[in-house]
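Report on the following structure.
The first chain written gets the first letter, and so on, giving A, B and C; residue counts start at 1 in each chain.
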């Protein structure tokens, strides 16, 4: 059981400079710890704005954290020189929500899929014959007709484009694959195809996957473990079955309830607050929480250290009897 | 809205100050002014005396401060040639340039805007193509060629109008016409484009469908909305006038700032050149500022936004 | 929508375009091999043939376009002038494009204060009528060929910079630059192999707008006497030299003037056409 990815204490905020005004600081990730093992898929779920995309980029070293470390394949990302980081990228890949944007409109897709082999000459597969061979292999593994390799991105369907993006991500046989809402923009039927493809790939390649989504149903199909994110923090984490079937954190419960579910009559308390309105201390979910205590507003609850199966950061779980 | 105006005015002054400083430095780097203003046979003492008299032996920041404090009081230095204050040059010539520019600008608008509107309304017809063809020609024709052509046709060939000088109103016709045609081409193009954009919008189709007479649709609905980009364009054109001023005045020997600028350059009279260049820059910046203000007045989005945006 | 209408209305009869192309081809040929065809030298004087009118106005074929006040053959001078004006305009446009593209890319890549500085420069340049700056610069520096060329080059850079910056930011927004970065591509690779080809179309269109303006600027400055100096010649210089003789030798102004006009017009027409087609193509996606 080798660790593909280990993140500790990640913090990241965004600053906005405005001339003659105070700086606007938007915190995106506020103290996240994660670990992903080879052959495992970790799902990260949360509503939009919770910082999961930022987290995804931090995990790949595309953003520098304000503090905290990321270790990928046992190398600490912020200690690597830029060229070393680029080399390491042959072992990592990111697949985005919007495949059309991720592809250069002026090149045929086959060329683009094979391009990482040219970027990473150290893999030794940059010769034309090698590239062609590997291209064929990877096209087969994503179930794309090789004839499509000559086409331009705008002439492909959404599902085909996403396969192209996947193929490009997989061609260097990465050990870590981060997928940021890869199926959100696709039709439901196509979603199913891509998801089953991802399952196959996960099994065959033995890579570690991080699957970021806001859709619980999709995550349930693919992920072995799930981390629930709210406003920059992980509030609940554990095996998929544990978290999704038996959610402990009020927010997770809310998320699950938001899916048109089998329990009629359940009232959902969902207010939308503008992201800037973040309480300084205490649990960010307190304003919306049905089980809020006084303590929740002043302190952020630490993750329960119980077991790896299921951890929660909530006072209603860890300190059920708190005197007001 | 007031915040918007304040920001714009501040920016204009900032740009003006940067321009003035920039030109100040430009005129003093790399140049031994004494040698330039006198000639190559001048003796070392003569050069030094010259430098001392005009203050060029001081350091650059010193010179700048001296000049700036003088400028704020209206003293812009003296001409090397005849020792007159540069501001005198300006006050003599500026009215003439304004007279011509105003005439030209008016003509530009009077020809260009209706032409553009007409072309837009009769979009796709022969009239549209003719107007646009003329506009393309006007845009490609250098103002000095047009000016000389007009001069030839009307002054030499037909002997209808005087060719050079500026004593009577008849003298104004040809230069203003040159301005007018060259500038009208650009304005016609932009007006047409702006108008077409507006005419394509859904609210125009709605107005038409409601049975309003075509003229009303154009005048009440389309034109005011097309006005905004056109006004911007006009402001830009006003600034361009400056450039044309130099050429047109030279062609017709019109005694304005432009012509004085060229002769000052030929004479290496840097003080005068500096002042005139700054006047022209100020003019352009001022024109842009007016456009910004008009923009703020015309565009309801800015008027009501309370100046949150800049 | 409006653009479709615009395009439909702007479809020029092919004749004018064919003429434009024809003229440009002629001009280019003249520029390339003209000096070998020119019957006389640029400054060859012949006092026996002063103010000879052109062929169709009573002159003879020895001087098809006439001569000037000291007997120099206008045709030969025109050929030389076309060469120089064209060369300057072309090189000036290319220089402006290179400077502007480089700065635009730099601004978009680095963002932060570098971008602010570059955009402030762009705004500053856009706020001033360039001809004033050119006049000022030429007043200070000697009007040598290289200096003049540099000034012409600086004339349009700010529009390229603005355009390129916007396009690069859009490319970054589109995502392929980012995707390639996440795959480990070096920024140089991303910019040269991917972004540059994608923005080249728009930059080329800008060049077709910039080129006629550069011709006008160069000829204007030469006309004013602060551009190209004798013994070289330029179309603008020819016009200004012919100007005192407007009464007796109008051809000295007419031919160079027409040459400027036709060249600028032809490039403008072609540029318009190219821009319309580029609009259509970009909307097809």
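In this text, a residue touches a chain if its C-beta (ideal position, glycine included) is under 8 Å from a C-beta of that chain, and two chains touch if they have at least 3 such contacts.
All figures in this text were calculated on a predicted structure; none of them were measured in a lab.
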item	value
Overall pattern in which the protein chains touch one another (line/ring/star/complete/other)	line
Chain whose Cα mean lies nearest the overall Cα mean	C
Between chain C and chain A, distance of the C-alpha-averaged centres to the nearest whole Å	51
Approximate Å spacing (C-alpha centroids) for the pair chain A, chain B	57
Distance from the mean Cα position of chain C to that of chain B, given in whole angstrom	22
Of all residues in chain C, those that touch chain A in their complex	173-176, 178-186, 189, 194, 197-198, 285
Contact set on chain C toward chain B in their complex	1-2, 5-6, 8-10, 12-13, 16, 123-124, 127-132, 135-141, 212, 216, 219-220, 223-226, 236, 239-240, 243, 246-247, 250, 253, 257, 260-261, 264-265, 268-269, 272
Contact footprint of chain C on chain A as seen in their complex	60, 62, 85-90, 92-94, 96, 98, 101-107, 115-116, 119-120, 154, 165, 168-169
Chain C-touching residues of chain B, taken from the complex the two chains share	15, 18-19, 22-23, 26-27, 29-31, 123-124, 128-129, 132-133, 136-137, 139-145, 148-149, 151-152, 156, 163, 193, 196-197, 199-201, 239-240, 242-243, 246-247, 250-251, 261-262, 264-266, 268, 270, 273-274, 277, 280-281, 284-285, 288
